[in-house]
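The next part holds the structures, each set out as structure tokens.
The following pair of complexes shares a single chain, subunit A, combined with subunit B in the former and subunit C in the latter.
Let's look at the complex of A and B:
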């Protein structure tokens, strides 16, 4: 079920919400019933896509719970590590089989020039997210940071529907105390107001902006001929904006939905395009994934290095970023996406070490250009498509300037070609890009707006207007990009 | 009043307002409503536009092209230049045999043509593919037999979209401040389009179920009968589909069988029928140069199809002009 669908907004959410608070009102001791209801609703939400996926998530939860439960009960030191490794292998194996089997077999065939037949495995939704979350929990348990947890609490921690499919990736200690808190089972008008507010902001990002940009981005990436300058920039910027609004829209909706149930999910975005370098970017983009890869990949990798030196930490960064790239998808373009981030982060560290600092404007400008370029690689199914776009972006093909944009004399003097007038679609694309650049660079982000939120009449009117526009836009329902990761 | 209550009240009011706007303007003429008495609906569909184009033209058209939106791009100039007949393209979107019968009656009410090119879609014979409600709201409804009624529900949830709101506002703008821009040109020709590049997008039928409608086959027989009686050369042909689209049909067992039946039926109903829905015929035209999407041939492809039909027509008539 998609957050941006009529069935979710008008049926699933109201029923889940009302029953949750009815149970909360009448349940006097503990919250088993209330938790069970949310688990049931979350599993229904998950199974709505494909019923057979349910068996994967349920077995993953049960096996992880059994392993961690035994680890918490302080087993003999001799079996603690093997048990931990068993849990880790199970999770990585699950991810490996469902996410990377096709990729591995295709590359094996290519490398060995063989033709091994294999059944293509469909990627279960959200597997990357719920597996990472459970790995984090397993590590915390192994390090003795978690107390004994009943099954229903653990299951809810993994499958709570607002963050189940595409994050934010939550830490046990961030949410479980909130599920336990008596206050959070009572109707809290302040949180509900705020939840509605953030959910609609996210819905608008997705339905009105991301899905509109998707039309231009898809058309551009399906184009196989030479790109001219404007066309190439239109395509790459459309995708960058689509990805940003799609994913940050999803995260806002998740945070808003969490608040409707009095659960504060961690923020996942913090104006990432205002980052002054790529190190900064990863503290603002998909924040919870950055925290996960720092804690559970980079730090252990660095610890495993023979010496703690600058070079070793840079090597660890590079490997970590390649893994992060591969986490996004089983394709070499994703590895390249991660590797490029790794290289630029290393350059940023070298600059930092040598105290080289760019002026703020240029730092933001260059960082955004880099992000726009790597997102083009991220989207392209083939590197060839990405390079075709780059050729156009850097003026290596030809400049075709639409009639009426600047004087024809000037166009001819500059050696460019005079193209036809911009059509309505191109005009609209340009307007959307300019407005979106203004939104991401100049306006406050959702989290800042949340802090300043006041439940006033004008806010209610404005949010209603956006919400109704979104409702009329729901006929072109589309998946979230991060559902594929 | 608290925020949530205000939010729900405002949302309800705005939803009613936008819904009311779309219903009262009825930009695509799905409901046949014209509360504001607009002279034109700039975004109105071909049934209305082409009816008036045909009705107001001083030309006497001796060749008529009929079909769905897939036949929009058949250029009338190709027919005129090849067999020297004034031609009108009367293709209308989302059409089924009843549309063709009604259009034929309209054409005959003005002048008897010599040739009719009739393109039939695979979907057009599917009984689960509804007759378009716009037929019942256009002036063509006057040519419907009395027993033919609307088959679609009055409220179509696909109507309440951002595009419908935009087009409703556009209708207001056009009627009060601007000029209507019709997408159909003289002789029913389609507006000029920028060429597409890259792969052909495959659009498989919106109907999940497929069942050949005997009732619609009867309507096709009636069209052939009228043409015979009026001594009109009826050239029927199946709408060209892209190579990839045909491959999907071929590889989907249930569709493959239905498709074979569809072709057999058309072949038996029409005296002069050409099948373009064959992998062999389409294998050389597998790019955006020839198809706008998998069911809509480009202008270039439309010319190729017409030329093939005209060549066989000329052959049949021993190279004499008709």
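Let's look at the complex of A and C:
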């Protein structure tokens, strides 16, 4: 079920919400019933897409629970390490089978020039997210950080519907104490106001901005011919904006929904386009994934190196970023996406070491250009498409400047071609890009707005207006980009 | 070891790791306040602290160590 659908907003959410607080009011001891209700609702939410996915998530939860439960109860068991490795292999195996089998088989066939037939597996939604969360839990259990946890609390930690499909990736330390807190099971009008506010902000980002940009981005990326300058920039910027509003909108909605149940989910975005370098970018973009990757991939990798040297750190960074790229999906464009990030992070570290600092404006400008380029690779199904767009962006094809923008004489003098006037659609695209650049570079982000939030009539009226606008947009139901990862 | 002693030793290690004696530290200082303190230098800092105090941190504790106060408290429970 999508957050941006009528059935979610008008049926699923109100029912889950009301029953949750009714149970909270009447349950005297513990929270078993209340947790069970949220688990049931979350599984329904998940199974609504495809009933057969349910068996995958349920078995993943049960197997992980059994292993971790044993490890917690018998911390000195002889089979501690083998059991831990078994758990790890189970999770990686699940991810490997559903995410990378197709990719692996296709490349095998290509490499060996063979023609093995294999059945394509469908990617179960959110598998990358709920598997990562469980791997982190497993590692922490192995290292003795986790106390005994009842099954219902563990299951809810994994499948709580606001964060189940596309994050924020939560650490059990952040949410489990909140599930236990008695006061979180009671109606809290302050959190509910705030939750509705952030949910609508996210919904607007998704429905009004991301889905609109998607039309231009999709048209651009489906275009197979050469791109000229304006068209290439329009396409790449449209996708960059689409991806940002789509994913940060989803995260806002998740955070808002969490608050409706008095659960504070971690922030996932912090004005990433204001980053001054790529190291900085990863502390602002998909924050919870960066933290997971740093903690559970980069650190053990670096520690496994014979010595802590700058070169070894850089090698670890490069490998980590390639893995991070591949996590997004099984395709060579994703590996290239990760590898490019790796290279730039290494350059950033070298600059840092030599204390080279760019002026703020140029630092932000160059970082944004790099992001725009790698996002284009990220979106392109074939590298060829990305390179076609780059050729256009950097004037390697030809300049075609629409009539009416600058004087025709100047266009001809500079060797460019005079194109037709911009049509309405192109005008609208340009306006949307300018407005979005203003939003991402100049306005406060939703987490800042949340901190300053005060329930006032004018805010309520304004948000209701936005909400109604969004409702009209729900007709064009669309998936979230990050559902595919 | 008292909290203050640990704090002083941590400060010294931090200044040495980041190669910067000008850093102004207190119990509330966190990674966000110090330019040099990124995820890479964090690991260097942690391994220096580990070998100095002869302690070991779990991976899941790394994020909690991005604040001096919490770091000092955690070291205290381990030595």
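Rule of thumb we're sticking to: the second predicted complex is superposed on the first by the 482 of 485 C-alpha atoms of A that agree within 3 Å, B and C clash if a C-alpha of one lies under 4 Å from a C-alpha of the other, contacts with A are read in each partner's own complex, and residues count from 1 in each chain.
As a convention for this text, contacts are C-beta pairs under 8 Å (C-beta built on N, C-alpha and C of every residue); 3 or more make two chains touch, one makes a residue touch a chain.
None of the values given here were measured: they were computed from a predicted structure.
Q: Superposed on subunit A, are subunit B and subunit C clashing or fitting side by side?
A: fit
Q: For A:54, select first, second, both or neither according to whether it touches subunit B, subunit C, the two together, or no partner.
A: neither
Q: Would you sort A:349 into first (subunit B), second (subunit C), both or neither based on which partner it touches?
A: second
Q: Could you say whether A:33 touches subunit B, subunit C, both of them, or neither, answering first, second, both or neither?
A: Once the two structures are laid over each other on A, A:33 reaches no partner at all.
Q: Roughly what angle, nearest 10 degrees, sits at the C-alpha centre of subunit A between those of subunit B and subunit C?
A: 170
Q: Counting only touches as set out at the top, which of subunit B and subunit C does A:144 meet: first, second, both, neither?
A: In the superposition, A:144 contacts subunit C only.
Q: Now for A:471: first (subunit B), second (subunit C), both, or neither, which partner does it touch?
A: Only subunit B; A:471 stays clear of subunit C.
Q: Identify the partner contact of A:19: answer first if only subunit B is touched, second if only subunit C is, both if each is, neither if none is.
A: neither
Q: Return first, second, both or neither, reflecting whether A:449 touches subunit B, subunit C, both chains, or no partner chain.
A: After superposing on A, A:449 lies clear of both subunit B and subunit C.
Q: Regarding the shared-chain residue A:196, is it in contact with subunit B (first), subunit C (second), both, or neither?
A: The answer is first: A:196 touches subunit B but not subunit C.
Q: Closest Cα approach between subunit B and subunit C after superposing, in Å?
A: After superposing on chain A, subunit B and subunit C come no closer than 35 Å at C-alpha.
Q: Touching subunit B in one complex and subunit C in the other: list those residues of subunit A.
A: The overlap between the subunit B and subunit C interfaces on subunit A is empty, containing no residue.
Q: Report the residues of subunit A in contact with subunit C in the complex, numbered from low to high.
A: That would be residues 136, 139-140, 143-145, 171, 173, 279, 283, 290-291, 294-296, 298-300, 302-303, 308, 313, 317, 349, 352 of subunit A.
Q: Touching residues of subunit B toward subunit A in the complex: what are they?
A: It comes out as residues 1-4, 6-7, 10-11, 13-15, 18, 157-158, 160-162, 164-165, 194, 197-199, 201.
Q: Going by the contact rule set out above, which residues of subunit C touch subunit A in the complex?
A: 36, 38-40, 43-44, 47, 58-63
Q: Which residues of subunit A touch subunit B in their complex?
A: Residues in contact with subunit B: 189, 192-193, 196, 222-225, 420, 423, 455-457, 459-461, 463-465, 467-469, 471-473, 475-476.
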